[in-house]
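Presented sequentially are two complexes of subunit A, the first with subunit B as partner and the second with subunit C.
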Partner chain A sequence: MSLLKRLSHRVAYLFLLPTLAYLIGFQTYPLVENIRLSFTNLSLIGRESVEYVGWENYRHFLAVDKQFWSILWNTVVWVFGSVLFQFVLGIPTALVLNMRIRARGLWRGLILIPWVMPVVVVSIVWKWIFDGQWGILNFFLREFHLISRNVIWLGNPQTVWPSLLLTSAWKGFPYITLMVLAGLQGIEKEVYEAAKVDGATGFRLFWHITLPLLQPTIFVSGLVAIVTTWTKFELIWVLTEGGPGNTTSTLATYIYTNSFVFYDMGKGAALAVMSTLVVLIVSLFYVKMLRRSSV
Partner chain B sequence: MRYMFIFCLVVLLVVLLLGNATLAQEKVTLRFVYCGTSEPEKAWSAEYKKDFEQRYPHIIIEYMYIPWAEQEKKIAVMTQAGDYPDLIQVQDVTTLSAMGVLEPLDAYIDNPNSRVKRSDFYPAAFDYSIIDGVLYSVPAHMTVYGLIVNEDMLAKTGFTVEDLKTWDDMLKVAEKVTHNEIYAYGYAAGLPRFAWRDAMIAGYSNGVIIADTTSEARSRYVEVLKWYETLRPYIPPAAVTWSYPDMFRAFCQEQVAMIAAGSFFTANVYPINPSIVPKSRAIVYPKGPSAERSSAMVANAGWAILRGSKNKDAAWFVIEDLSQRDNLAKEAAVVGLPARSDITLDAFAELAGMYYPDIKDANKRIIEDWLSIARDFGKPQAKILRQGEMEVKFQEKMYALLTGALDAESFYEQIVADIEAIRKK
Partner chain C sequence: MRRLYSVGMRYVFLALIMVFTLFPFFWLVFNSFKPSREIFTVRPTLRIQNPTLENYKWAMGPKGANLGRYLLNSIFTAGFAAIVTIIFATTGGYALGRFLFRGRESIAIFLILSQMFQGPLIMVPWYKMASALGIINTRLVLILIYGTATIPTCTWLMSGFYGNVPEDLEEAAMIDGCSYFAAFWRVVLPLVIPGIVAIGLYSFIIAWNDYQYALILTSSDFAKTVQVGLAELIGFFGKTSWGGIMASGVLTSLPVVMLFVVVQRYLVEGLTSGAVKG
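Let's look at the complex of A and B:
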């Protein structure tokens, strides 16, 4: 290798250094430290020394804590329910915005509003909509004589999940719309023309041409949506704080409660490790499915 | 040579003098965690800072506004990272002292030169700042808890405030008041902190602290839980999602006739509906079946020094200044009652009138109510380690109780097991 080439490699490494330092300092170190903490009994309250407790924190959640499994199930409902609803809203919206409609640019811009709004603001707005005493949803339902007494949307185990999933879908669907729209624009017109020549129209075109060609887009945006929803903490926290009872607690809120309400940092860290592992497994499974479908 | 020596001496003297003067004038910046985030509280804090810095230009106060709900968590994170503010406004010092982040203040207050003395304060309020005999904060304002009643709503059903002596009396009122989505009792059961506090207030009226899991306390404890079971039809169904602002809003809109709350009542309802204050009276929570007489929790909010502060003397200097009668009265007038016992009702009500000008007389009456509750029924609020964790467990069960999914006896068995497991930590 010539001197010039070797020098240019060194310069390249030099340019990589800030990113590498960032990754080590803000990603790798916290991750390793979190794993270390998960094997200790670190509590910020009333404990002088920190001791190594082995797998005790993990055992506590997996074998002792009665709430853990229901919270894990809540997390699965929350993540897959949210993502499913986001697609249910996002794909039709993208199809409409891909059509030649008047002021298409304006609609495409407006549709992004929920996505660009801060999560906390969205949560507060929806909290007011769903409020059991003064909420606007109850107001309209009563105005139209659809209900005679207020429904406690966020205080009833039967209605709290649909309310949360609707909020999450409203917040997240513009991202799916945006991705699917980009995917739609990448489909060649000739493919549709050829299908039309073969007699395909309407829903058959969508089912046999559009959807299969959108598959890579749907898989990638689905993966991103799963990971972001898995860690989406603020929305549930502002709307219900994991309640009523523990009905809407997810792993994200449970990590927060253990770490910053109970101040049991060791247990909080163990939960965080388990949460990371679960999302990692789900993502790997998802990527494997993606590869298999691409083959 | 001699002239040279004298010249050097003079120069040295000048340098030393200037140096001393510079040192004397060296500015200290104190980071002050202040938790009052309402507009009147922020206005008071800004006014105090301006006044203080004019009097003592070498000390600069730099506020960090952190709401009460976030205070413990933020301090936990900051101190773990070795980032210690100097001063902090505190209520319950139990958790922060257990974290080891608060500076004991006994040596400061007992110093003969101290401008603050233990005897300046109401004993019940002062006691709340002491954990295991160690003083961790100096009280500023006192918080008294009781029952707040809408006199007009009571009058419509033929009752007066004086009729409310026992839980049975409350029940009679509740039966009459509750109709057409108007309810008797507002309860912020949606958040653990407030679900617990309400039950604490009711517990004090029945001679039991709801963290007490001893067998002697069992019957009183169960009575408290049965009391909520009895009250269930008279509590708005939406209350299971309420926080304090929702409860106060419902009270302001006369959707509920009674709420259990504290002497911060006026500060909370004034921005929503000031005209509710003239209709409101504060009384001790009526007596439960097993208590000889009711009692009321008394707590305080005050000032503390962070253990890792590098400016502890300056921080104590500010605490001393904040605790001077006039300064303390002004701060307390915004949110509650003065923790100092040498402030007269008239003088205090006059000050409070500056913040609540259109309800001056009504506010004076309610201040009088709170002070008489503190005087006649006041007991220091119990200091409970890991209360935050107990609150979460308690609220889960209270939700089940209020929705009919759990009865009082099962609630008791479960909460006792939870509290004991928490204590074992």
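Let's look at the complex of A and C:
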């Protein structure tokens, strides 16, 4: 047994202590505090004293607030739609970038630009592309006679969701590509050769060999993508602020508007607790996947 | 013939993907050099008749976006967030990457879970906590909250970097009479400098790109980051000064895109290691 492994656990704990203290204080504690606040009527304005109101905040959303259920549905559309399209774009891109092509390293680097760009800038660019009057999307569609009149993509309840999902897919697919590329590189060449000897080619090779072998990668990166989309409201906020009306409000934007626009932080906290529960379930699933694969 | 065809298709797909990926970024940079007259046209052109730096002057100047102050705030907060992350991740990562101790797996799981609960989930208590501590609307509060987003991932990445350093080195140092901490400081740390640079730049990028925390926790000119300033521009000037907004967007994204080019190789390896294992 090596010297270090024999060592007192003390040294390891000592090295870990600062990190653990930081995360418990600034990350775990707020999550717990959130639960406490969700039972209060904490507000930023007016009220002097904070009172416990029991389950009132939860009751408000689950039984009274008619918007809550449609917002929950929006969240599901937003999260699963985004992740689905990220895979639809991300997997083929990874396949192409895994082939023998010139300057492959360069393309693999450039593909990550959307992922690393600040989300506010991404929103600005796409807002301009979608613009109802001057946007280039309308221009192209007009040129190809796919539309006869300009569409106000972000202002119309029918087109706002596809537009948001396209933007979200564009921003997020490089991450999927990155992960799938890594997964592809882990597949032994012999597997393909064996399959080719058996006469499998092209799409069948992909469907019966590549995809099943990629399954763990797809699960792991999919769960991360779900959580990331679930806990961010920035893209929606800059592009539409949840509008028109409440068409594109999700739980994340609703937490923000309740807490920081209506200053009703107790209600915001209650929404956050419900949202946290969902993330917790997905995360536990993720940890289980990781542990199974590392055994 | 068939082979030639398939090789050709490869490049057709590649071209389609790259155009889709890069066009929005290109469109941003390209429009930032157009004068207003050429931006607001019914037929967008792929040629600039009178290229101009007007928009950049607007972005930096007092008459327009006045981004300078916000850019400095961002450099300050993101820089310190990176330093804080390095301090915590190099120590925590060392423990995880080097020692077998009771509870190691639970702590690894704790780290993985911590990075999941972000943004709206912790906003309300953070706001309350920051108000109580009197640090609301400061750059300090941003530095602290960015740590919660970067430290879990970076601790994890660092433990991987330590794993590549041979253990004999520390053992030799300790036989020569170094304490644990001296061995860590003088022998091990210098060997993981590439890792430290990678996580530092990674945290810088994460902090720089953040919008949601800065939106909630800062509103004064002394603390506001460039992302908040930029988002406000759309509301104020969204109808008139698109060129200037685009130029501001370029100034805001250029630092991270450039940093990313530098750090990409190290990061990609670390971030995807989970996928390969799977």
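Going forward, the second predicted complex is superposed on the first by the 271 of 295 C-alpha atoms of A that agree within 3 Å, B and C clash if a C-alpha of one lies under 4 Å from a C-alpha of the other, contacts with A are read in each partner's own complex, and residues count from 1 in each chain.
Just so it is clear, a residue touches a chain if its C-beta (ideal position, glycine included) is under 8 Å from a C-beta of that chain, and two chains touch if they have at least 3 such contacts.
Every value quoted in this text rests on a predicted model; they were computed, and no experiment measured them.
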Kindly say whether there is room for both subunit B and subunit C on subunit A in the superposition, answering fit or clash.
clash
Who does A:Ala182 touch here: subunit B (first), subunit C (second), both, or neither?
second
First, second, both or neither for A:Ile113, with subunit B first and subunit C second
second
Go through the superposed model and pick first if A:Gly245 touches only subunit B, second if only subunit C, both, or neither.
first
Which partner, subunit B or subunit C, is in contact with more residues of subunit A?
C
Is A:Thr159 contacted by the first partner subunit B, the second partner subunit C, both or neither?
neither
Contact-wise, after the overlay, does A:Glu234 reach subunit B, subunit C, both or neither (first, second, both, neither)?
second
Partner chain in contact with A:Gln27 - subunit B first, subunit C second, else both or neither
second
Mind working out whether A:Phe260 is in touch with subunit B, subunit C, both or neither, as first, second, both or neither?
both
Output check: A:Ala269 vs subunit B and subunit C. Expected answer is one of first, second, both, neither. What do you get?
second
Where does subunit C run into subunit B after the fit on chain A, at 24-32, 42-50 or 132-140?
132-140
Does any part of subunit A touch subunit B in one structure and subunit C in the other, and if so which residues?
134, 260
Per the contact definition, I'd like the list of subunit C residues that touch subunit A in the complex.
10-11, 13-14, 17-18, 20-22, 24-25, 27-28, 31, 39-44, 87-89, 91-92, 94-96, 98-102, 104, 107, 109-114, 116-129, 144-145, 147-148, 151-152, 155, 167, 170-171, 174, 180, 184, 205, 208-209, 211-212, 215-216, 227, 230-231, 234, 242, 245-246, 249, 252-253, 256-257, 260-261, 264, 268, 271-278
Inside the complex, what are the residues of subunit A that reach subunit B?
43-46, 131-134, 149-150, 152, 154-155, 240-241, 243-246, 257, 260-264
Subunit B to subunit A touching residues, read off their complex
73, 76-77, 80, 95, 98-99, 181, 190-191, 236-238, 240-242, 246, 249-250, 255, 385-386, 388-389, 392, 395-396, 399-400, 403, 425
Please name which positions on subunit A make contact with subunit C in the complex.
2-5, 7, 9, 11-16, 18-20, 22-23, 26-31, 33-34, 37, 42, 89, 92-93, 96-97, 99, 101, 107, 109-114, 116-129, 134, 136, 139, 170, 174, 178-183, 185-186, 216-217, 219-221, 227, 231-234, 237-238, 251-252, 255-256, 259-260, 265, 268-269, 272, 275-276, 279-280, 282-283, 286-287, 289-290, 293-294
